[in-house]
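You will see two complexes here that share chain A, one where it goes with chain B and one where it goes with chain C.
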Partner chain A sequence: MLTYLFRRLLVSLPLLLLIALELNLLVHMVPGDPTAVFIDPRFPPEYIEQIKVSLGLDRPLHVQIAKWFANILQLDFGISFFHQRPVSEMILDALPNTLLLSAVSMVLIFLLGTSVGIYSAVRQYSWKDQVVTVSSLFFYSMPSFWLSLMLILLAAVVAPHWPSSGMVGETIMLKEAAIAEALQMGEAPEVTIGFFERLFDLLQHLLLPAIALGVAPAAGVARYTRSAMLEVVRQDYIRTARAKGVPGRRVIVKHALRNALIPVITLLGLYLPFLISGAVLVETIFAWPGMGRLIVEGVFQRDYPVILGTGLLLAVMVVIGNLVADILYSAVDPRIRYG
Partner chain B sequence: MTPRFRVLPALLLPVALLMAPACSDKGEEATPGPAAASKPAPSGRGSGDEVRRPHWEDRGDSLVVAVSADADGFLPIVNQQATGGAIMDLIMPSMTDSAFEDGHLKALPSVAERFEFSADKKHLTYYMRKDLAWTDGEPITAHDMAFTYELVRDPVVASPRRPFTDNMDPEEPWTVLDDYTIRFNFRFGYNTETMLAHAGLNLCPKHLLIHEDRAKLRSSPLHIRKPVGHGPFVLTSWKRNQEIVISRNSRCKVKPVPYLKRVIFKIIPEYETQLTELETGKIDMMETIQEKDFKKVRAWGHIKLYKRGYRFLDYIAWNEQKPLFKDRRVRRALTMAIDIKKLIRTLLTFDGKTFGIQAYSTFTPELKDYYDPSFELLPYDPEKARALLAEVGWEDHDGDGVLDKDGKPFAFTLVTNTGNPRRAEAVVLIERDLEKIGVKANLDYREAVTFFDELRNKNYEAALSGWSAGLFPDPSDIWMSETKEKPRPFNFTAYSNPEVDAIIEKGLREPDPEKEAALWRRLHRIIYDDQPYTFLYWKTVHFGLHKRFRDVKPNVLSVFYRIRDWWVPKAEHKVKF
Partner chain C sequence: MAERDRVWKPDFPADLPGIWQFRRGLPVFGALILCVCLLSLGVLVLVPGRVLESLERAGGFGNLLQGLVVLTSVLGMFHKPWLAVGVLFLAFLAALFGLGKDWLAPQVLVLAPILALYLGRRRPPRPRWGKSQWTLVQERFLHSSLAQVGLAGVVLLYLATFLAPYLAPFDPLAQPDPSGLKLAAPLTHGYLLGADQFSRDVLSRILHGAWISMTIGLFAVLLSASLGMFFGLVAGWFGGWIDGLISRLLIDNLLSIPRLPLLLVFMALFKDAFPPQYRIYVIILILGATGWMGTARLVRGEVLTVRERDFVQAGRALGLSQGTLLFKHVAPNCLAPVLVSATLGIGGTILVEAALSFLSLGVPPPTPSWGAMVNDGRQFLTKAWWISTFPGLVIVVAVTCFNLLGDGLRDALDPKLIGRERRSAPDDEDETEGESSETLEARTAS
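So, the complex of A and B:
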């Protein structure tokens, strides 16, 4: 197993290198000058040159790329042109937020997707199955940004106090501000924030973006689970299980599901990077301070170090996602052994 | 709190460029730059409060504002972005405090107790208060001002404020007369409001900046982490991409301490999300509300709309480097073929109210000194347009409905930026109008940064673009001829007219306001007759604010200008701590 892991990681290195190179070339090929955000009509050309020098944009392309690679090997992602902060610091700010959101949507995808899939497989061709099939197709083809907006509008009507943006509610935000002010003045804060208050607030904020992000993949998972289940329940060993008198529910959950999940698990591994990049629009709409926002802003501002850093991270995620899928595969399917 | 003087060098900021950092797709939410305002659209105060003045006990409550992009930083020498700039104005000290009243700028004392111009207007002297200190306790002196400008002038810093010092004496741009008196020396006197702005940058603390690496000032902690200032507010916390909190600075001496306890800038990139949060009361204020939503917002009842005046100009630039648009008769004909009044009726009229006015220059109509309501505009007259084109040789010889000359059809690409629904609709209407006189405009769309790049490189034929209004008259970037020594990237159309160059040179050195205004009026006439642009319309901008806030006077300079005067009656306080 360990050797397998090692071999896989080794193989992915040239792949990542190639992706990084391609990213570099693409970024420099895109029209639009990163110094555009610094340019002012009366800015003399020599100052634009000065800024280019300070950003390292004056050097020939191959030197810029070589330097970027040299830095990356030392885990230095460079300094953001626009924010003038280390990209690694910006990623460390944003990544946990994105991972949290992705993890929650992943749970949602898995739970919702498989249970809906099983439900409709068990009731194959019933009207309930039809309803589930139609609605999962409906959700599957729904763009996440549109769903996000609809969720926000819906929440505003149904539950006006339900948070629709950011990670922290106004009450906590204001309390935090009051506490920071008191500390600055060297006074004891008037207000406190309880642990559960904070947790409940965070969960509230997670719900809508997690749904927006998770519903379409969940619908996909439901479809896969359904067909995998249908295939499995026709197998001989299921008939044997039924014949020896195992209760129906137990047959489905214990015997059939485990085998039906194999293709679904591969799918989940592949969803991991998709979730992180797919969150681009959802994060922007819900003002979630994660990786998606970094990517979007980086692209709009032609902030090369940010685009490259986040791009490379996404590539790594894809590789890891695939690897995780393969390992999970062996965990659920005893026939598969890596060595 | 200084007004937005730092946008001065960018007299007119390209809307396309500015929307980029905000990654906003509506095009205008993030655009900085001052705008002119006249009066609040609905009545400025709540009913029954006409005479009520704020009491001591009314102090308190918080204002939560949605902004579409995070700040870049708060150091006046290197700040470039709107959110950072607005906050910078509230936390950093400035020599004078500017007001905009009746279409005029006024400078009120702040860090400077008083200031005076010499008789020849070439020298401006500030007499500073002696009792002020930075938030870390060090006194604020004339040396701070001198050092601020030293950094601005230093090429290594590459400050965007560098052009502020262009008109100053290169040998001795300023003289520190004593610890609390500083004189700025100009090569010539000009518009005094502009001079005050040029020498009116927010002060920065010398005792801290002196230890910073000048080449890396943009990553200095003073810029991106912990600003040291002296203003009505102090920075309390900054969570990247989430929120920025500034709190009332009770130690501030230069101006009355604000009534509001704190202002929170909540970063929400998406317009629709902002609007929903405004509806449900999670935020109190939105910097821009689109006209299509006015009816809805009014119906909520708790939000008041404030007008910020004519802030955005849309125009079509005809690239004179292309042979097609070299002849000014062609450009005049194209303008006469476009029904601009219809554009205003279609694009800028909502629920029977019009939010636009036909434009004839790059000066906002809010600058009353330069605006001429009786300016004679070219009429909408397709017949005349056709006749004028025929004069140049453009006629439909082959009868295919498209004008041609020497076998070539009159066809070109009209490009605009994506993500701006108003412009997307405008180009379609313009295409149809031009079709009627046999001119074929092929529409094309570009992502904002790319679009702006093409304009600067004059790599286009015709473009529908925009400017956001500036308060200081400086048409040089857009209209002065380009030379080898002085490239003019913002002269998108390659416009060149020696008479215009001469007037601009003269106008920028004219200290007498009336003579200056006369020069600009003449300039507008000449440029309009040449039609390098087809000027379309100026459009107003409105912001929305919860009605519990009183004494809100929208201002040309900044949405947050005089925020220290805003207050909420105790009984209506929403946040009690």
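So, the complex of A and C:
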């Protein structure tokens, strides 16, 4: 297993290098001046030249790319043109937020998806199954950005004070500011933020984006689970279990479910990169300070180091996701062994 | 005698060729016709003032009526040809009484080819007994009413794309009264689905936006399906280093970059490099070029099994050239999964295009597109919910239709799957077994 892991990682290294090279070429192919976005064109040209020199944009293409690669090996993604901050720092700020959102919606996807799938599979061809199947197809076809807006609209009607943007609520932010001010003055802060207060606030902010992000994949998982379940339920060992007099619910939960979930579990790894890239739109709408927003802002500000850094990270995520899918596959299905 | 018992009895009107045989689909189409009629009646009843006004205006309500006439007559073709002729005659009468000036063009343009096709059709040679493969597929397809709903929806959407100018009650770009009619609510001032912040009619913009989504979806998928077909065929047939080159270098490479961020980066960085009127072609090209990998993998897998079949061996023994074997004999046998994945792919492409438009990286602004409309309504979400809601709803419905159609096609083309779901055949176990070991092999190989 370990050798297999090692070999897989070794094989994917050249792939990642290739992708990094392509990203670089793509970015350098762009017509126009990258400095035009963040420098006022009325500045004297020699000043602009100077900035270009300091950013290394004056050097020939292969030198720039080679330098970028050399820096990447030291985990240095360069400095953002726009924010004048190291990209690695920006990514480290954004990544936990995205992972939190992804993890929550992942739980939603698999809990909701598998339970709905099983529900409709055990009631195959009843009207309930039909309704669930059609509506899951409907949700499956739903664009996440529209669902986000509809959720915001719904929240605005049902619960007008429900937070629909950002990660931290106003009261917490005010308190934080007060604490920071007090600390700066050298006094003991008067207000405190309780752990549960913070958690509750975070969960409030998480709910809408997690639903918006999770519903469409959950519908996909439900469809997948349903067909996997139907395949398993008709097998001989299930009939045997039924014939032996095992109660219906127990047959489904203990005997059928285990085998039906094998293909579903592999989806888990495949959804990893999707959640991070799919979060692009949802994060932008809900102003969630994560990777998706970083990418979108970087793209619109033509912030090349940010684009390159996040792009490479996404590619790494995909490779890891595929690997996780394979490992999970062999973990749940002992017939498959990698050597 | 046994031969006579097996004489083929058609269970549908046998004088209808090809696609017109969707006999079981007729109730669906009948319901659609009814809906269209009710809708037009609703327009007449709900907004009488608007009707009078538009009668005076060229390109107004008259166009809506004409579009409905065309739609009804095209749908009527599915039922009874004389019905369509009758409706056309009614359209003539309506035209005589002056409902608009340039009324003839669309009817003739749309109906002439269809009528010509219908009248000049060649009846398929009737087999004495047994059914052709496509007849079987058709029958299986007609077994599912959901698939027919999907088909009907897709047909309607494509009809709407090129009838949009005649269906839309307003000009999608006109801003009749930007201050007075700004954000007019649905069903007021003749706006069925309300107006946006520039007093443009949401319904008309949705109808015109269908053109963008449907065109991009269709052509991008045509491109990606042919690319995927080509690369998959070549990789699967030749194997060896060619397969390695295509599978590892092209497919794995492109699959490792999530599609949406890639498109985002590309469109954002290069959008000024092309003149705005060419943007739609750039979108089609880039969506097609980034969407073919799944199809290529499917086709490659299919070729790997097909090339071991007896008829290919026979072809080799006859001395057919590689190209003839590959493109004439192997390729048609790999077509079924491509058809399914392309149908599902159109839905996916519509979603991606909408996402790009939503980030204003799609077709440039004055042209209406669904994603961009959802984005327009974002800042007026609580004040004017209709601007975002309706275009998004149409996206969902359109994508659902393509998914229904794709699912129906898959069930119809791959009866193994349906058999597995519906009844337990004795030889099922072998198939599952073979498949799992095959996927196992594929997984360990990669």
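A few points about this structure:
Heads up, the rule we're going with is that the second predicted complex is superposed on the first by the 335 of 339 C-alpha atoms of A that agree within 3 Å, B and C clash if a C-alpha of one lies under 4 Å from a C-alpha of the other, contacts with A are read in each partner's own complex, and residues count from 1 in each chain.
The rule is simple: a residue touches a chain if its C-beta (ideal position, glycine included) is under 8 Å from a C-beta of that chain, and two chains touch if they have at least 3 such contacts.
None of the values given here were measured: they were computed from a predicted structure.
With both structures placed on the common chain, the touch criterion links A:Leu149 to chain B and to chain C.
In the superposition on chain A, A:Tyr140 contacts chain C only, with no contact to chain B. Residue contacts after overlaying the shared chain place A:His255 against neither chain B nor chain C. Of the two partner chains placed by superposition, A:His205 touches none, neither chain B nor chain C.
Contacts of A:Glu181 after superposition: chain B is touched, whereas chain C is not reached. Residue contacts after overlaying the shared chain place A:Phe286 against chain B, while chain C stays out of touching range. Contacts of A:Glu231 after superposition on the shared chain: chain C is touched, whereas chain B is not. In the superposition on chain A, A:Val296 makes contact with both chain B and chain C. Contacts of chain A with chain B, set against its contacts with chain C after fitting on chain A, overlap at residues 30-32, 149, 152-153, 156, 284-285, 296, 300, 302.
Across the complex, chain C meets chain A through its residues 146, 248-249, 252-253, 255-261, 264-266, 268-270, 272-273, 347, 351, 354-355, 358-359, 371, 374, 377-378, 381-382, 385, 388-389, 392, 395-396, 399-400, 403-404, 407, 420-421, 424, 428-429, 432, 436, 440, 443-444. Of all residues in chain A, those touching chain C in their complex are 15-16, 18-19, 22, 26-27, 30-32, 124, 134, 137-138, 140-143, 145-146, 149-150, 152-153, 156, 227, 230-231, 234-236, 273-274, 276-278, 280-281, 284-285, 295-296, 299-300, 302, 307, 310-311, 314-315, 318-319, 326, 329, 335-336, 338.
For chain B in complex with chain A, the touching residues are 9-12, 17, 20-23, 62, 64, 69-70, 72-73, 80-81, 155-156, 158, 160, 162-163, 166, 215-216, 218-219, 223-224, 234, 236-237, 239-243, 245, 247, 262, 264, 266-270, 272-273, 276-277, 279-282, 447-450, 452-454, 476-478, 487-490, 575, 577. Residues 30-33, 36-47, 50-51, 54, 79, 82-85, 90, 93-94, 149, 152-153, 155-156, 160-161, 163-170, 173-178, 180-181, 184, 190-191, 284-287, 289, 293-294, 296-297, 300-302 of chain A are the ones touching chain B in the complex.
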